[in-house]
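The structures come next, written out as structure tokens.
Two complexes, one shared chain (chain A), two partners (chain B, chain C).
Take a look at the complex of A and B:
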């Protein structure tokens, strides 16, 4: 199980090593990995359940995996589409700039996608969710020398990680009441979980958080703007991320939390969100100018339709029904197949003809006969023409929509009307895609070079799968019905297949097809008449995004200017002041009685050295040159070392001595570079610095007091004394339980608390690297 | 400061410091010493050499740019700890579990005890040396 998820990540790391050897054949390696994953997932079909591996047990974070119908379905799509994408990339990327990053990020993306669908721990799921955002950022911005790529990648990252933030919020809220991150547990009793959440009044916040998370990923209004921009990515990436995987992660979240969150509010929000996205983005698809833009908008539109499916209430007229859930998932499956086909075809066309603008491409039928056939078939699927698979899943969804309108009546009748409208739009844009293959080709088109097999193969496989779905309609539905949801019992009563008599859903389909064909014949005239308002409609959401981003940039740079000016001392003032404030506030909050201190009686010899230390500190302040200051400072340091020695801590004393010497030497090295004198400081600045140092001194004073008076269990000390050395008797030659050393301090450092030491030296290493960074970014003559 | 006096003094003092550092490192488990302290001593000695001879001579001597060497030291120290610390995981024990080996009595040397923690301490030594040298070479540039 864990293999499925970690294999792609491991392979991604390997990519960088094998790329110099394999070059573009790395695609084959990646495809092989995807094949293994897909095969392993195929093996899971028919199983339901969960396994758990503890990861951070103290925080209740486990590597839990959960398998059911929905996760197998989306997992199969992710790995299968990954496989086809890698095969396709082999041909497609030959003409582009190549780098191992491409394959590595695709593999990471596939792994995180599988992580999302199979992990049963909410935190682990969140981490994988963010990983998909991150890897898609790399993939969208793959052509990073173009500013449009960079801006599109940033847009996708900002929007999807905003969703990720809300998701984390929702998960933490769920945990705050149920005390569990375990999805298996949450899904085992969805009704009572929902009851608990509602009782405590946090059901709505969680609902909003999860819906925002899913909507941002699946490009629903108003988050849809990232998807068309993301089309600057290489086409295989678009086919994978923006038809089968990334956007489907959002849909998956809706499907996953459906049992827990479903209710009146859920239905209302999801149906409203879905229908508005469906209509508006379908309209954008009609007016879009390039092939990939059309496909992107139509993806958002179709996902809107799936959302309506997931939003269909669980009980209508008191009868429980699973229509919505099943039809949503069924359409998810079909959509992935035909949309990926269309993306791959768009890639083929750009590869062959070098054009992407719809109006410029005409009559490709003669040059690319096979591709044309595939395209027509996939477009008909997209438009929902009978008897393609798209028709059947739409038919199921129409059944649900009609049932909703019939049950609630009134304003709800708008829902089927709007759906018909959006479906008619879908017919229009599908026909637009088809029409590039017909008509007379313009003369200036390039000659068609032979198409690589690696690009044709995935396209044919996808078309074949779409075709097969028509004959085995029940296969995907069977897969989904394993889901184990309590209200999937009536699955056998669902009617899937060609309707025997004319019923309202069929009528809806027929109406939208008719209306769509009529609209298509007229759409150019209508669009011309509407052209005056078009730019406004097109850019409104985008411009809001850009104005938000630029406002944030202005704010943050002005804030940065106030707090972190170029001067190093401004940084230090803010940093130390903040730390001291927080520390002191914490102490006051924790121990209001911290002035009642008891400790060992003061020794006379200590007092002498403390006096010398105090005098040294005074002398440092009074020193009028660097050399004097440094020398006095080192007197202070050496006295502290003596102090340690008197307190029976020779190790610490020795370290203090050595460090003090080193500091002195470092000062010697840099003393020539410093200005001769500190210069006259203005009196307000001296006041400020004095107050700050006083404040920090007070904080440290209380820190030491509290740290030394807080009682530590005697048992710990005894444990270390017992275990640091050798065992009294031993039979084996290798001993793990004991430290094997007589210097207890060092044994604790390297053995009992080795993890702490590792953390500390990592901090030392990081500090060194940051000092190097600061020093090398400084220009000569900077005042710092 | 590359005077004859500092150069001569450094030439005598630096090896002494290196030897002291080595002793402190080895006895660290049973007596005063340890990886951190010997790292600080080593860096002091190298700093002394920097002051006396300048960085260019050292670069030529080591045939490698000091900053590269420092960063390699730093990284290899951390890697050493992580890799040796991961070995217990394979034996189903927690990360960074240390063990020591008691060798059968040898002539002249008696019973020897070798602690696995010496590798950990060596990692500390490398990392701290690398870090401090990086800082030193950074500020002296």
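Take a look at the complex of A and C:
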């Protein structure tokens, strides 16, 4: 199980070693890896279950893997499509700049897709989710010498990782209440989980977070803009990205969380989101100018349809039904097959005739007869013509949509109407794609070069699979029905197949095909009339994205400039001010002023020396030459030594005396080489600094009050004192017998905390070395 | 009374140290850092209790009212380390003056 996921990653690392040997044959190696994965997943069919490998046990993060129908279906698509993509890449990449990065990132892309599909730990799922964003960033920007590639890659990364952020948020919210990242656990009792989330009022935030995550990845409005831009990627990557990875990861998330989150809000949001994306992007597909752009928009549109499927309520009129979930997944499967075919064909056309603009390509039928056949079949599939597989899955979805409208009535009747409209649009753009093979070819088209087998083979296989699906319609549905979802019990009552009599869904299909054909015959005139508003419609979402990005860039650079390019002193002022404010707020809350009067009176000698210390500090501040400042500082230091002596800390006092003397010597050595004192420039700044200092002083005043009067636990001190007891209770005296001394402080330093002391000596030694280095390095004026 | 006076003295030490830290004369800023360090040490010692007996074992002393030996050990370490850092900072100061010809932070900033 874990092998399936880690094999691609391992292979990706290997790619860099074998690429110098195999060159473009690396594609075969990668295809072999994909084949193994696909084979292993095929083996899993019919099993459900989970395994778990502890990763970070203390945080309840495990490498959990989970297998059910949905994950097997998407996993098969990912690995199978990966296999075909690699075969196709062998031919396609021959004419492009090659590098091992391409194969490695494509392998990582496939591996992380499998990771998303099979992982049952939310955190692991999130990591793989972000990995697909990262690897797709590398792949979309593969032709990195072109600025459009770089910009498209960045757009995809920004949008999908924004979604990833929301996903993490949602997952953490789920964990905050259920205490579990375990998807298996969450899916085992979806109703009670949803109940808990609703009770605590965080169901809606989680719902929004997950939907935003899924929508950003599956290119739903308003996140759809990255998908058409991403077509600058190498064509095999586009085919993979549209059919089995990335966008399908988004759809998979909707399918995965369907049991937990499904409800009224879920249906409302998904259906609204789905239908608006379906209509709008279908329209964009009609007006797009290049083959890949058309296909990209049509993907977003079809995914909108799948979302509607997932959004169909679980119970209609009190009758539970699995229609939505199954039809959504079924359409996912069909879409993968025909969309990959069409992308590969678009790649073949560009490869053969070097053109990508739809209006320039005509009459390819004669030159590419086989390709034309495949393209017509896949396009009919996309348009939902009977009896292709696309027709059947659409039929199921229409069934659900009709049921929704019939149950809720009123404004919900808009839903089937809009669906018919979008399907008609689908017919129009599918026919546009077909039409490039018909008509009279323009004379200046050069002769086609022979097509490599490696590019033809995957296309044929996909078409074959799509054909087979027609005869084994129940196969993918059976696969999905293995999902643990409790809503799939009525699966056997689903009617899949050619309708025996005319019912509303069939009527919807026929209407949209009819309407579509009529629209197609007129679409050029209509578009011509709309040409003035088209550019606006096309780029509005895009321009919003770009203005957001450029605004953010300006903000962040000006913020960085304002906060980073300033004096250290300004940093200190802000930091100290903030810390003091927070501290003071807390201390005022603790009301320490009651503590002032408590405690014994201070001895007079303490009072005298403490006053001298404070006055010494004041004198340092007031000193108007460097030498006076240093001398007053010394006085302060020596007085502190006396204070230590009075406080029964003779060792500390001794050290303080020695250190103070040494520092004075160092000061006196360098002071002659320093300039005279500058004085202070402006009085407003002095005032400001005084206020801040006073503020700090007040804060410290309160901390001392609290610290010295509260009962601090003296556990560690008591440990030493207990073991020092001389002679009565202990038979062995650790301090004397093992420490070899009677001074507890000394024994602590050289025995109990000997490593600390070693560190301290190292600091001094290091300082000495650094000083030596600075002094002996080049003198100013030397040319280094 | 004792905590009140200690708090007042420490408060003023920290306050004066902060004020020095913000001066434009680099040497004054260093003096400020030193005072802040000293004040922190005094603070630690006062927390260990200043009215106990010396933490040295002898036949006559009672160990019950002993001052906290651990705090003293910590402060002792801190003082020695401050010797190293202070000397290093002073040499660095000398170097800055050699390189830039000034110890005025405002003017050093202008040179960047």
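By definition in this document, the second predicted complex is superposed on the first by the 565 of 784 C-alpha atoms of A that agree within 3 Å, B and C clash if a C-alpha of one lies under 4 Å from a C-alpha of the other, contacts with A are read in each partner's own complex, and residues count from 1 in each chain.
Keep in mind that, in the parts below, contacts are C-beta pairs under 8 Å (C-beta built on N, C-alpha and C of every residue); 3 or more make two chains touch, one makes a residue touch a chain.
Because the structure is predicted, anything quoted here is derived from the model rather than measured.
Looking at the shared chain after the overlay, A:617 reaches chain C, while chain B stays out of its contact range.
Contacts of A:742 after superposition on the shared chain: both chain B and chain C are touched. Looking at the shared chain after the overlay, A:42 reaches neither chain B nor chain C. Of the two partner chains placed by superposition, chain B and chain C are both touched by A:662. Counting the residues of chain A touched by each of chain B and chain C gives the higher count for C. Contacts of A:707 after superposition on the shared chain: chain C is touched, whereas chain B is not.
In the overlay built on the shared chain, the residue A:548 is in contact with neither chain B nor chain C.
In the superposition on chain A, contact of A:578 is made with neither chain B nor chain C. In the superposition on chain A, A:3 makes contact with neither chain B nor chain C.
Of the two partner chains, neither chain B nor chain C is touched by A:474.
Looking at chain A, you'll find residues 650-651, 655, 659, 662, 666, 670, 726, 735-736, 742-743, 749, 757, 764, 767-768, 771, 775 touch chain B in one structure and chain C in the other. On the chain A side of its complex with chain C, the touching residues are 567, 569, 572-573, 576, 595-602, 606-607, 610-611, 613-614, 617-618, 620-621, 626, 629-630, 633, 636-637, 640, 643-644, 646-652, 655-656, 659, 662-663, 666-667, 670, 673-675, 677-681, 689-690, 692-694, 696-698, 700-702, 704-705, 707-709, 712, 714, 716-717, 720-721, 724-726, 735-736, 742-745, 748-749, 753, 756-757, 760, 763-764, 766-768, 770-771, 774-775, 779-780.
The touching residues of chain A, when paired with chain B in their complex, are 650-651, 654-655, 658-659, 661-662, 665-666, 668-670, 726, 730, 733-736, 738-743, 746-747, 749-751, 754-755, 757-758, 761-762, 764-765, 767-769, 771-772, 775-776. By the touch criterion given at the top, residues 1-25, 27-28, 31, 34-35, 38-39, 41-43, 45-48, 50-59, 63, 66-73, 75-77, 79-88, 90-95, 97-99, 102-106, 109 of chain C touch chain A in their complex.
Those residues of chain B that touch chain A in the shared complex are 1, 24, 28-37, 40-41, 43-44, 47-48, 50-51, 67, 74, 77-78, 81-82, 85, 93, 95-104, 113, 115, 117, 120-121, 123-124, 127-128, 130-132, 134-136, 138-141.
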